[in-house]
Amino acid sequence: MTELRRPPRKRSLRSRLTVALAVGALSAVVVVAALAQSAGKSAFIGKLEGPEVVTDPAKLPRNLKEAPQLAALVKAGKLPPVAERIGQDPLVIKPLREIGTYGGTWRGGFTGPADFWNGYRCCSGPDHLLFWDYTGDKVTPNIARGYEMQDGGRTLVIHLRRGMKWSDGRPFTADDFVFWFEDIYRNKDLIPTPSAAMAINGKQGEIQKVDTYTVKFKFPEPYYLLPDVLAGSTPLGGHAQQGMNGMGGYAPAHYLKQFHPKYVGQAELDKKVKDAKFDSWVRQFLFKNDWALNPELPVLTPWKTATPSNTATWTLERNPYSVFVDTEGNQLPYIDRVVLTLAENLEVINLRAIAGEYDFQQRHLDLGKLPVFIENQQRGNYKLHLDPGDYGGDMIIKFNLSYEADPEIAKWMNTTDFRRALSLGIDRDQINETFWLGTGTPSSVVPADSNKYNPGPQYRKLWATLDVKKANEMLDKVGLSKKDGEGYRLRTDGKGRLRIEIMTLGGQFLQFTQIAEMIREQWKRIGIDLTVQEVERSLALKRTAANEQQLGAWNNDGSEHLFTFPLHVFPWEVAAVSTSGPLYARWFHSAGTQGKEPPVRMRELMEKFKKAYGVPEKERIELGKEVWKIAAEEVYIIGVIGMGPASMGVRVVKTNMGNIPSRQYNSPDGKTPTISRPVTFFYKK
Amino acid sequence: MGAEIATSLPQPTLLSVRNLKTYFAQDEGTVKAVDGVSFDLYPGATLGIVGESGCGKSVTARSILRIVDRPGRIVEGEIKFRRPAGDGGAGGGQVVDLAKLAPNGLEMRAIRGAEIALIFQEPMSSFSPVHSVGSQIIEAILLHQQVSRRDARAMTIEMLRRVGVSSPEERVDQLSNQLSGGLRQRAMIAMALSCNPTLLIADEPTTALDVTTQTQILELMRQLQQEDGMAIMLITHDLGVVAEMATDVAVMYLGRVVEQAPVDAIFHAPRHPYTRALLRSIPRIRSRSNERLTPIAGSVPHPYDRPPGCPFHPRCADFIAGTCDRAAPSLRAVGDQHSVSCFLYE
Amino acid sequence: MLVYIGRRAVLAIFTVWAISVLSFAIIQLPPGDYVTSYIAQMAAMGSVVTDEEAQNLRIQYGLGQPMYVQYLKWVRLIAQGNFGMSMEWRRPVTEVIGERLWLTVVVSVAALILTWVLALPIGIYSAVRQYSVGDYLATFVGFIGLAVPNFLLALVLLYLGFVLFNAHIGGLFSVEFQDAPWSAARVWDLLKHLPIPALILGLAGTAQQIRIMRANLLDELRKPYVVTARSKGLSEARVIVKYPVRVALNPFASTIGYTLPYIVSGSIIVSLVLGLPTVGPLLLKALIAQDMFLAGTIVLLLGVMTVIGTLVSDVLLVWIDPRIRLEET
Amino acid sequence: MAGPDEQRIFVASQWQLMWWRFRRHKVAVASGGVVIGFYLAVLGADFLAYADPNASEAQRSLMPPQPVYWFDGWRFSPHVYAVKGARDPQTFKRVYRADPGQKISIRFFAGGFEYRFLGLIPMTRHLIGVDGGLDAGKTIFVLGTDVQGRDLWSRLMYSTRISLTIGLFGVTVSLVLGVVLGGLSGFYGGIADTLIQRVIEILRSIPTIPLWMGLAAALPRDWSILQIYFAITIIISLLGWTELARVVRGRFLAMREEDFVVSARLVGCSQMRTIFVHMVPSFMSHIIAATTLALPAMIISETALSFLGLGLRPPAMSWGVLLQQAQNVQTVAISPWLMIPAVPVIIVVMAFNFLGDGLRDAADPYGR
């Protein structure tokens, strides 16, 4: 019956096949590979595009318009006129294709309160002071009207938008920054440990008010990366995402003061806390400052939480004071409401997407279901898009370089050629075809060639191709030449076969366990005995923290923004579900006071990395390339398949939605789809 | 003494069973529970059927009532039953062959309970534990007689009184397990006689009762018999009971009647070796039913391997080698109303 | 009678206490605590929690203390009728469980009813016609529910529902009714979503019930009072239905009490697959996230339900079945 | 000399009767056969499997079951057609096309990958295979392949081994627990009884899944698959014994009162003798029945645990694991054959249930 449904284009495939068979020499395999590369990819991967922020004052719209229901409220006197609400300096966004029309509800799915990222990604605007353009490459003004670097990168001056309001109509001013800095960030109970984001080379900076609409971020040393930090998903990355952690760079002072001991007596506060059944005033404060959980919280985001994320439906409604407008001055967003319905498990979310019950869903969609998504496009009247990431590893394998439990294993994992050989032992095409359905790219860890930190095309395949012969030679050379009866290499300390264990997590965007199993089979050919250990999240964390992990499977999404999202490039994470060396990470963060000193080449990498924060972009880019070079040459982390749509790259969008980019920049830093400005999405009439 | 009358006056038989065979067909072989039983029962008379447990007494009774459990079925023989004339209505005095009727057919059901009633062993469990005694009797009455529920209830109470249940007005609404064994058996009798049947089949009516109660119940039965003049088919292994109650006796062994005779003949001039053996074991018989009668050498053979020839020969004192283990003797008259099946008398 | 109930009640209280201890212990068994799994979540989403923050969180949640201290703290809370705050949902446990609990009951009851509608007739039939073809067929049908791995069945039905009937995927409400206040329309919407879950949950229990009914009835059918009834001249059907079935029903009816909680805890997996807003998936998530109070409360709740259920059943049995009543008093 | 002699006859005939009653339950008998068959498969798993269950190959990912052609013209020579696969660039499904030109004939007792039969005798023979064995690059997939192109049939065979033995071990453990505790509880009664009854009630009052999760999660994960496998078994049975205990206790209670036991006591038989000579015979049958009925529960539990990711995990192979990997939309939608592992589960569970019922009915027609 597939015969019937198959589109005419299939002919070409069949004819090609017959040719292939006729020729005989050419096996179907080749054809498939070819097809997967050419036709397959192009089919659903469009060209990168997106809306833009208009900064040129000349282009700013003269008069402002608003959604009908808000207009009604204004008429009823329940709401000040739109111009007052937005203020003098609207945040103007040029929609991707057309000016939209108001109305409609955006239906999506989420998996519970722990899935708050779902909301940030769709509806937070974002409320970063600065944010990326749609290419994810350039930092542009966002909530901040403008910014400039002063005295050699030591000071960043931020210009706020005059007359801009919180969602409750109270002005948004420099005081909200001061309050955050003095009363939240500097409060030892709320923030026990100062954030690295607010520091350069370990030295803390501070925030100062210049005037009502101007603030200064001052640092003792040059901190040229700060704009990127403000734009990225960092502790300074906006109030919506970071409020719950007491970070974000600013906060609604007028609202939060009533929950802060400094402004209400401790006694009175304690009573409040007790009545509200909170464990402590800190928990209460952070709860009150939680964008997803507290509907009362004044926010700057275009949509604000109406029913919180800890209920069956997480509903967000338009913020009447939203500062976002389109080029014709229509206050954004176009879409009235966003309703995320709770789904108890991922299969349900996927099936609902397939059934067309969602208007725009990207998170939690499983690449493995691609054929099913495609098959049901007409029926669910949605269109499927693939948004491959720009990062080098949809799947990476981390060596725990500071492993100590088993000296022999530790020794080998710290032997560069051993790591390289293992990487050469992986048949990436097999894995790509099996788990990426051919949509990924066999790759080392380095990001896409278009990425500004990419060290050059030659690094894509460096130590990232299948070469069993060479791998075996290298392993023999490093001293693992002895093998047992079944052809597995023996340990040099006479303790039998060299068994390495890889730790995988179930229930991720990718089936790491199954992939690891496939690699286990492939590594048999280079005489390496791999044991696959699937563990559940908190256990994984416990074992990495205890430095017990040997190999770990994960992905390096985010690493396309090397400096704002450096989790998976070298030992950086302290608490990770998959680590490349907790002791080294400690050493790095404690500037050498804790942990264990890494080998020279890694120290070099770390140096360059640190340095990059304090130098202007041009120089930083060079350092970035250096970092990637070392990472790729040393193979601290094996890149398996990269630049694929596996994590959050499968997107299902109703056909009647407008201003939808055919491909968007898929990255955590870009809070995709926020980087495509969902405020400009709308329903075609 | 009522006994003498019954035997002396010749009258039409109430029930005449001829060569009745009820087999249980099972994978592992056919159990010939009843294998050619014949006997006659006269109105108002009392026929005692004796034999060790497993000899087919109860099956015979159930065959007559046509309530043999699957897979048992009547394969041969006839059960001629004379239906009461007059008020009995249905079959004014004519004779039907119960063996030919459909077990659950209208006619059979009309006879069952109304004209032939059954009381049997376990008085403990022969009443439903969750329905009141009264309701179960009332049900029987309503089933066979055109009377209102109220009348039925009245009749029930009356009946209970007749069987000697004290303060029947309360008892009628009590549950069976609130009654003592004796009372239950009385209630049982009450139910059986509620539609004044012409034939009462009493299957080990007293075995489960203590001695004193036994005699009371037996006394009651005899009294009622005199009042209503129904015939009783009394099944028991207790020769004492037979001696007290029966006018005639049929001795059964492994599904066959080995000897049938008036009660005196059985007790004073038993012919069949088995009968003799039984009699020899009288002193020890007042005890639980499910116990084997040890004095008779060996035990009843397993139903599946019934011995060839005379089924009793393995245990027989007067066993004639070459004869008894070859053919089975037939039941032949050896005197006035006295018949035996044994080669000793051929 | 009263004495009996009293004695049972005392025992029940003891049991409940034991359960509270056990459930608390169970939740502590897995490695790590809520904070660990929280950090893991964060890490999985690319945000980082430093050791210091983690330590701080632990103190805030009082996770540092030894287990017995935490247990006592918990018990004290419960004593005050406050089941604590769900760490993951950041809401009072009672609120979180709230509607879910009784939706669970609705689903379970539906399943229960279905079970009986299937089990009773089948059971009776296959007892009366023991070893007949019908017996085999009926039992076979009954056992299917038992034999099919219900999580798979659930998924397949879910998919077929979508392919064949364009049914709304999973859950118990359509989007528009998700949070709507109760109304006729909402109830109707609920009813529309009920069949599939009820079917899957029901099937699992059916075999069990068939077996009980069959066995009970076989047992009763051989009792003399059945012969008595027959010898009265009652029609076969009447004999069966009025006497043995009635008696065999007693232990059956008495299972009501604990079948419900049994189904509830049995429904966890199915609810998860079908995405039902019941306590099942909640419990599962809570256990995985090691959301102590939430998980603990649910487990305790189910435990108590079972205990009470059992108690009720036994009392019920004693009440409806005179035999036992007489033995007891 | 008559005493023990009669005793034996009595017991024997009792078993004999049981066997007779059992035979009447046709389906039960058939089920018995099925069960035996499955356990034979457990022994000969690697003989029945014809491909390395771990050998993966992207180019045969998700290959549907291959139809087997039994006759070539009129000649009996079972064969399959060679298959070429490609991913359709439009639908992204893998499309496989059989090539009637290329027949791959199936050989019985053909050579294949090496294994040790019953763990002892090294062998390369398998029930079926292709001539030339694996190296010929010719392949058959009677049940198709999974995502990683691994042969489902062979995986199924190996899974059967684990899943069915897990049930067996589990039941054995809970049997011991059940009989001992139930016995104590039933024979002595009193405090022992109340105590054990409490424990049972408590265990039954706690929803099983948290118990599983708690216990399973408590297992050290760096345990080898085998260790985990045994641990899981123990866990399942730790919860499974209560039912058995209940049955045993019931029997003991019933028996204590029975005449022959009482009389045996009166006659002054030692307690052991009372139990083993007089009680156990009529008692074993029930245990057997109860055990048989407990087995399917174990098997189901195993699949459920795996579904929750608490049981055996992939590398390991069990019915639960296979089903767990089939537990997704794409399987139902485009590769339904991956759900085949449900079939043996259903068959076995059914078989055990019928068998158990048969045994129980045979054991005592009156009670349950």
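The first chain written gets the first letter, and so on, giving A, B, C and D; residue counts start at 1 in each chain.
In this section, contacts are C-beta pairs under 8 Å (C-beta built on N, C-alpha and C of every residue); 3 or more make two chains touch, one makes a residue touch a chain.
What you are looking at is a predicted structure, and each value in this text was computed from that prediction instead of being measured.
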Chain closest to the middle [Cα centroid of all protein chains]: C
Comparison of C-D and B-C by number of C-beta pairs in contact, larger one: C-D
Between chain B and chain C, centroid-to-centroid distance (C-alpha), Å: 53
Intercentroid distance (Cα basis), chain D paired with chain C, Å: 26
Centroid spacing, where centroids are CA-atom means, of chain A and chain C in whole angstrom: 40
Multi-partner residues of chain B (each touching 2 or more other chains): none
Touching two or more other chains - residues of chain D: 24, 217, 327-329, 333
Contacts with 2+ other chains: residues of chain A: 347, 351, 354, 536, 539
Residues of chain D touching chain A in the complex: 54-59, 61, 84-93, 95, 97, 99, 147-149, 217, 221-222, 309, 313-315, 325, 327-330, 333-334
Residue ranges of chain C touching chain B (in the complex, touch as defined): 223-225, 227-236, 243, 246-247, 250, 321-323, 326
Residues on chain A engaged by chain D in the complex (per definition of touch): 2, 5-7, 9-10, 13, 17, 21, 27-29, 31-32, 35-36, 38-40, 43, 347, 350-351, 354, 366, 368-372, 374-375, 429-435, 437-438, 501, 506-507, 513-514, 517-518, 520-521, 531-536, 539, 543, 548
Of all residues in chain C, those that touch chain A in their complex: 30-32, 36-37, 39-41, 43-56, 60-62, 82, 85, 88-92, 96, 155, 158-159, 162, 166, 168-171, 175, 178-179, 271-277, 281, 285, 288-290
Residues on chain C engaged by chain D in the complex (per definition of touch): 11, 14-15, 18-19, 22-23, 25-27, 29-31, 130-131, 136, 139-140, 143-144, 146-149, 151-152, 155-156, 159, 207, 211-212, 215-216, 218-219, 222, 264-265, 268-269, 273, 283-284, 287-288, 295, 299, 302-304, 306-307, 310
